[in-house]
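Chain IDs A, B, C, D and E follow the sequence of writing; residue 1 opens each chain.
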Amino acid sequence: MTTQSSNTLAVPDSTGSRGTRIIGVLALLSMAALALFGLVLSPPDASQGEVVRILYVHVPSATFAYIGCFLTTFGSAMYLWRRSRWWELVAYASAEIATVFTAIVLVTGMIWGRPTWGVYWVWDARLTSTAMLLLLLLGYLAVRRLPADHEVRTRRAAIVGLLLVPNVMIVRQSVQWWRTLHQKPTLLANGVGAKIEGLMLFSLFIGFIAIGLVFTWLLIHRFRLAWLEDQVDEAGLDVAIAERRAEGAAS
Amino acid sequence: MVRLRGAVALLGRFPALAGVDLDVEPRRVVLLRGANGAGKTTLLRTLAGLVAVANGEATVLGVDLVADRKLVRHRVGLLGHATGLYDDLTVGDNVRFWGRAAGAETDDVEHALTRLGLDGRLRSVAVSRLSAGQRRRTSLACLIARRPELWLLDEPHAGLDQDGRDLVDALVREATAAGATVILSSHELDRSLQLADEVITIAGGIVTRDESSGAS
Amino acid sequence: MVRLRGAVALLGRFPALAGVDLDVEPRRVVLLRGANGAGKTTLLRTLAGLVAVANGEATVLGVDLVADRKLVRHRVGLLGHATGLYDDLTVGDNVRFWGRAAGAETDDVEHALTRLGLDGRLRSVAVSRLSAGQRRRTSLACLIARRPELWLLDEPHAGLDQDGRDLVDALVREATAAGATVILSSHELDRSLQLADEVITIAGGIVTRDESSGAS
Amino acid sequence: MLHDALLIAGKDLRLELRSRVALNQVLPFALLVLVLFAFALDPDKSALTQATPGLYWIAVLFSALLALQRSFAIEAADGNRDALRLSGLDPAGIFVGKVLAVSVQLIVLEMLLGIGVAVLYTTRIEGWGLLIVTSVIATASIAAAGTLFGVLAAGLRVRETLLPLLLLPVLAPVLIGSTRAFEAALNGSPSEGWPWVGLMSVFALLYIVAGVLGFGPLLEES
Amino acid sequence: MLHDALLIAGKDLRLELRSRVALNQVLPFALLVLVLFAFALDPDKSALTQATPGLYWIAVLFSALLALQRSFAIEAADGNRDALRLSGLDPAGIFVGKVLAVSVQLIVLEMLLGIGVAVLYTTRIEGWGLLIVTSVIATASIAAAGTLFGVLAAGLRVRETLLPLLLLPVLAPVLIGSTRAFEAALNGSPSEGWPWVGLMSVFALLYIVAGVLGFGPLLEES
């Protein structure tokens, strides 16, 4: 089998490596810093009080969920175009991580919504389109995990992945027009319009870094796991060919 | 016509073909023999451009299968284990549909139906109501309506009665006479050894014996 | 064992059996021969209690099929064109499931798998990945795990390799030796004429020739 | 019969464990139906929150349809019907086995969907006893009626379209009953709900009996 | 390509003429869904009549799902995928042909269902131009996206469950768009409806292009 991989990472022999250990440590440190700034040092919001602290996880998670989706679509495109197994695994890994982060956005948002809006859920544009995003991702994963041959699953999943971002955009657009209740997409207006500044802005910044590191760490590990599985299969392939030929020679 | 060198074909992750070398000259009748699971069906499907060649070289009818295996498809005719017929359409409709899809004229279709003895009552019977052998005949009619250059017959005698078997042999001889090449797999050696110019034995996804002299 | 008198069987509105007379003594091997569409499959399915006898008399294993054909079913084993296996289950699971459904013990199941050569790699392969012959072997394994009193084999040799064919013949001989009766249909006359004690020719849904002497 | 039922249920559940269809496909579909309704019905107009029990049961019904389709897609292999008839399995056992397997999947689905609905439509959950009993009985009804009509449609090449058509009208009473019972439970007036449960029990019983008796004859029809 | 498309569409429509599945099964199913909603949502009229366009389009969507299931059940014969690949038919032609056949059936269904809704929910119909354009574009979108995901799910033994899961979230914008456009038309303010028609056109175009390009590669995967 020829595997053209636009291989930037060397073939890993375990999911961990020095690089990921550093990222892991940095992620832990930044999470600690996030806890410190987010929970202790940053002031409660003028209008929303303590609950505003969810923001520091909520918003970065959403951003990285989107990044995961883009990676999935891009990886799928590269797979279909260049036959790159490497990119296929990137697409799969990031879809899984994006699903997790979308779920985090939903959960944190709902926890936040309860004190803010009095309910866990409203049928607002952003919320609804996030829910649809989760469902689109679940659709991709359902195809990728089909009980069928590897090639069948990856190729079909890639087409779903390719359509992921366009679909998300169309869904968002339509839901946007449909109704809007959620925060306007601006970092500066929050809740009832209070500005984010000073320590709050800094905490959010740390949130982005921390969540970003976690995202990266998870992605690399998930990718490497998939890659190693692939390698095992690949190595198995030579053995399988040898066995099969032996079977023929024996008869 | 056909030239394979170390051709590997994967079904899922299983190397159904594990490095096949094969040369077939035009207008020959080649018999593939081998145990169940040896890889005969996979080889025929690979030659038809349906299964990807994962490794090695493969040229069929001048088309490089590694580069673009789609180009060979409309020039071959494959009679497989599965028929791919539309169960709810009649025999006539099925042959007409698959024939026209491959660019056949009405005459070709009629000729195919007549040849296979499907022009009587059976013509307007839905495929779902056919007996096993009748279904197989319909599938064969679809094949000859296409007038392929390369015939790939996977156990063509199976399920057919004595007349049907004779008919298959006659069709194969006519095809080679008209310039086509025929590769067939079979477990029915008596009949097919007589038909074949060459006999290739497959086992474990490789060619283990190549008798280009023929056994007839 | 089997006694039909003027048995008529309808598929839809079509009289696939148009008045069949048939007598089979215990421990015999009976070959049904006939052209495609003659009614061999329908006759076997009727004997298995799957197709209703619309007219005439029919008794199989002492059960009157006209009165209640269900009673005969668990005592016969039918190897049909279609296998009825669960595609997503493995070979082992399939044989176990169908075996246990018919009341077979684990030993019977193991024995059946071993006998058909399905106890190696193939045991844990999903049926959807099998070759045509391997699928047929699985189907046969399900049959012998049941230990039926009456074996109804519809083209048992079709799709099997030389070993498989020999195995079928051996199984048939063992079955009759153990007291079972075998009725098989086949287009492969060389082999099956040797196997059979009696040869029955069917055409157009009736028995046209009954050679109870056998041809071997 | 019990032996046969367990054999069949075991086989179906083993297939589910292998393929994860209910988990990866039917469950997300159920959530999907919930969200879709929010699209179609204008959420502002309070119709949505009022109709929560109804929407929940509609979502369950459509997902059950999918689960049943799957349950009979498994049996769609060429010659499977012949094999079942020859198997010596008691038709009543086959029926009970398939009902069991579908019910197990549905119960899990209902629990997860319940959480989804409670959150999405902001429902406060009360009257647990009534809710649980209603769910169990409704599930039994759906699975029993579904399996009965499933085998009726199975083996035909129009299975995919015929089953929904046959099943939905038959299940309308279950839909109404369970919706009303849920409404009663959530309104804190469970006493109004129990009569519905009674009605549904009759229905479930009817279909279980019909299935146990009728599965055999239906299996006969090729 | 056109020749191939017409061949395929002709075959599908001939099969429909023979089996009458769309007529005898899908259409009654659509009506059934409408009636079911009336059960599930309190027949407290006002909610129902307000939501008429939404319910209409949900009914269309679920029926379209059935029509698509049928469209690919036809192609489910053993070896059919091989036969199509060997046939020499242009994959784009196959795609267009199947889209055409489904669209024809859907348009008929929508018309009949429209009459049903108008009668059942006593709706006065206005703004014909917008209604018709919306229907045509929505139908094209549904058929195109449905055929693309249909072939994606085809050839797998989980086709019945996978198709709804993939298709419905993707069609949510079409559902919203056509619902809003219908509301606008029925309210006598068609100008509010046209932007939705625009959005749906983009969608339809995207999926037709994706289908024409992607059908071939999808057909390749066995």
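As a convention for this text, a contact is a pair of C-beta atoms (placed from the backbone, for glycine too) under 8 Å apart; a residue touches a chain by one contact, two chains touch by 3 or more.
What you see is a predicted model, and the numbers here were worked out from it, not measured in a lab.
Counting one step for each move to a touching chain, how far apart are chain B and chain E?
Contact-graph shortest path, chain B to chain E, evaluates to 1.
What is the set of chains touching both chain A and chain E?
For chain A paired with chain E, the chains in contact with each are B, D, in label order.
Need the most distant chain from chain A, centre defined as the mean of C-alpha atoms.
Farthest from chain A by mean C-alpha position: C.
Which two chains have the most C-beta pairs in contact?
D-E
Just give me the whole-number Å value for how far the CA centre of chain A lies from that of chain C.
That pair's centroid distance is 56 Å.
At what distance in angstrom does the C-alpha mean of chain B lie from that of chain A?
48
Please tell me the distance, in whole Å, between the geometric centres of chain D and chain E computed from their C-alpha atoms.
Here chain D and chain E have centroids separated by 26 Å.
So which bits of chain D are touching at least two other chains?
Answer for chain D, listing residues that touch two or more other chains: 18-19, 21, 25, 28, 32, 35, 39, 78, 157.
Give the residues of chain B that touch two or more other chains, as numbers and ranges in rising order.
Correct list: 11-12, 14, 35, 38, 81, 87-88.
For chain A, give me the residues that contact two or more of the other chains.
132, 135, 138-139, 142, 147, 149, 151, 178
Can you name the residues of chain D that touch chain B in the complex?
157
Would you mind writing out the residues of chain E in touch with chain A in their complex?
Those in contact with chain A are residues 148, 152, 156-158, 162, 165-166, 169-170, 172-173, 176-177, 180, 195-196, 199, 202-203, 206, 210, 214, 217-218, 220-222.
Quick check on the complex: what are the chain D residues that touch chain A?
Touching chain A from chain D are residues 18-21, 24-25, 28, 31-32, 35, 38-39, 43-44, 48, 119-122.
Would you mind writing out the residues of chain B in touch with chain C in their complex?
11-12, 14, 34-38, 41, 81, 122, 129-134, 136-137, 155, 157-165, 187-190
Would you pull the chain C residues touching chain D in the complex into a rising list?
45, 48-50, 70, 73-74, 76-78, 80-89, 93, 97-98, 100-103, 142
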